[in-house]
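For reference, chains read A, B and C in written order, and residue numbers begin at 1 within each chain.
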Amino acid sequence: MNNIQEIAEHKPTPGFFSAVGAIIWKDLSAELRSRELLSAMLVFALLVVLIFNFALELDAGTRRVATPGILWATFAFAGTLGLNRSMAVEKDRGCLDGLLLAPVDRSAIYFGKTISNLAFMLIVEAVVLPIYSVLYNTNLFNPGLIVVILLGSVGYVAVGTLLSSMAVQTRTRDVLLPILLFPVVIPILIAAVKASSGFLQGLALTDVMPYINLLIVYDVIFIAAAYMVFDFVVEE
Amino acid sequence: MITVKKLVKRFGLKTVLRGLDFEVQEGEFVALLGPNGAGKTTFLRILATLSRPSFGEVRVAGHRLPAEAAAVRSNLGVVSHLPLLYGDLTAEENLQFYGRMYGVFELRKRIDEILELVGLTSRRRDLVRTFSRGMQQRLAIGRAILPNPEVLLFDEPHTGLDQDACDMLDGLLREVAGKGRTVVMTSHDLARVEDLASRFDVLSRGIISASSKRNEMGKNNLLDFYRKALAAAV
Amino acid sequence: MKPQPVALKVLNVVSVLLFLAALGMVFLYAPLEETMNYVQKIFYFHVANAWVGMLGFIAAAVAGVVYLVKHDQKWDIIELAAVEISLIFFITTIITGSIWARPVWNTWWTWDTRLTTATILEMIYIAYLLLRQGIEDPDRRARFGAVYTIIGAISVPITFLSIRIVSRTIHPVVIGATNGTATGSFNMAPQMLFTMFFALFTFSAIFVTLFWHRIRLGQLAQQVEQLKLEEF
């Protein structure tokens, strides 16, 4: 009995970053093993590209204009699949309660999940880009484009993680996420498409900067907002 | 160890707990009995810091809720009817993850101890997805005691287990409940808790309507006591 | 059930009278615009509708924040009332705008900054209502509703800004400098300006009246729910 009390007196609590790290490690190792989430996202992403191919009859001329739009629509659609799955895993065996029971700040849970989701998103994007390049004989290896994809994905998962943790706690679950998410990520899609096409067409940096700035502003504002309201989403 | 005074919990307009008083001394093993829908789970979720009290005073391990929830959490182990484990991680990885979330000291050694205790050492590298209900529940207990908490909360831990698994679980519950830990366990199955608990409280209509120590109650009188408590509450 | 308070009854009458007066002013007092003729008349109510939509939008965002701070169901009722009113008035804004745009811009619809933003805002409101519909627990419904209102309230101005950066607008700007690309802008005679402000005032009164009624309705619905619970 004394034994327990003694230990209890000196209960350690983990640091913020080690809790964030633990969640990321957990998500990535589970995914590395099952590959359920990534394979679903990837197959879906490629199917979306395929559908656009037939829907828009992508000849060389159309492609030049449509590529940024196709890429971002693909990322947005595939992204909701990943976000849904990633939160469903937490809800299935009551694991969300398990996370909430841990003596860590709730924002650590938010940032952990957000960074995992971002990793999944970036992996899918890293696979889709070269495939798209090969399929349409377009060079997409443009450092500017990569920066845009990074900034756009950050904002997308920042809002997406918050809204998906709401969506899984409703009766309508996965069907609700895109409906909640798409109308509020429109600024990202607008700015990212414009910036991507700017870089792909080789515009001057000054012409693209407004869109990059917009993405940065969006990311900062929404990470801050989600950080502030996440408690209300998970705590009864 | 646990003090609850005039606890009220409302969900919107629905009042589930109506001025509940509850007190648990250090080292007690309290079985919280009551029919389905009486508010047992709600009450336990409040003690577990997962749900906020609407009104009233709640103290767990010397800390007030919900203000000092973080301090309570590090001293609390919870087992519910859901295992709170990740199916795509192995038994060992699950414990590793939760150990890191609690900042457990000398984690590797502690995990070995826990796996030994819950009898899953040979299955440590298997995915939790492949475990039977009983094994998942044993690992869930291992997860709960990982940070060596003073207070344990069990919410219907026997749900969905067959007879053998239940018996095995009981042995384990008794083992972890010893060592001076304070335990509150909800159940609607009297036969299951009869030999486990040192005190029986009945939760009915949102309050604790009766309470009796085991040594003050003759053998086989639990059912009698329970029926009277429910009748008195109406 | 309590009867309507006197102030609300007065507001009912005042709103109707103001509306009739505004209608009279639009058709009898305000002069006819030279190039657009009668089509321009819709402008007064179009602006006033958008104004009420805006008021509702702001009220909803404020109610959302207050709810998260105070956890009082009252603010959830206010938030829902504001969202519903804003939803309806922005729909009428879009419709009156289209009626005006058909002869003036020669199209019902264009992907202009204001039009697009208003449409996206409507989508956010619909998503908000769907979200509420999917949650049984009133407490959680209120929390999630408040969170989504806040997220929406932050995103709409950014959406407006981003569309504006992307495309030049052809929408006339009533207050402030008109830009060169706007189509259908006009110089306002003093009587027109006065009519517009009168319409704005009228619709503000209508907004208050409707808001009050909708909040009362929400409270009554809550009482009904309470009575149902007590039967058990």
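Following the convention adopted for this analysis, a residue touches a chain if its C-beta (ideal position, glycine included) is under 8 Å from a C-beta of that chain, and two chains touch if they have at least 3 such contacts.
What you see is a predicted model, and the numbers here were worked out from it, not measured in a lab.
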Per-chain C-alpha centres versus the global one: which chain is nearest? A
By number of C-beta pairs in contact, which two chains lead? A-B
CA centroids of chain B and chain C: separation to the nearest Å works out as 51
Need the CA-centroid distance for the pair chain A / chain B, whole Å please. 36
Where the CA atoms of chain A average out and where those of chain C average out, how many Å apart are those spots? 33
By the touch definition above, chain C meets two or more other chains at residues 139
Residues touching two or more other chains, restricted to chain A: which are they? 236
Taking the complex as given, what residues does chain C use to touch chain A? 68, 120, 123-124, 126-127, 130-131, 133-136, 139-140, 143-144, 146-148, 150-152, 154-155, 158-159, 161-163, 165-166
Residues on chain A engaged by chain B in the complex (per definition of touch): 1-5, 7-8, 11-15, 18-19, 21-23, 25-26, 29-31, 33-34, 36, 89, 92-95, 97-105, 235-236
Using the touch definition up top, name the residues of chain B that touch chain C in the complex. 10-14
Tell me, which parts of chain B touch chain A in their complex? 27, 45, 48-52, 61, 70-71, 73-76, 78, 80, 82-89, 93, 97-98, 100-105, 127, 143, 147-150, 179-181
Which residues, counting only chain A, touch chain C once they are in their complex? 159, 162-163, 166, 169-173, 176, 179-180, 182-187, 190-191, 194, 210-211, 214, 217-218, 221-222, 225-226, 229, 232-233, 236
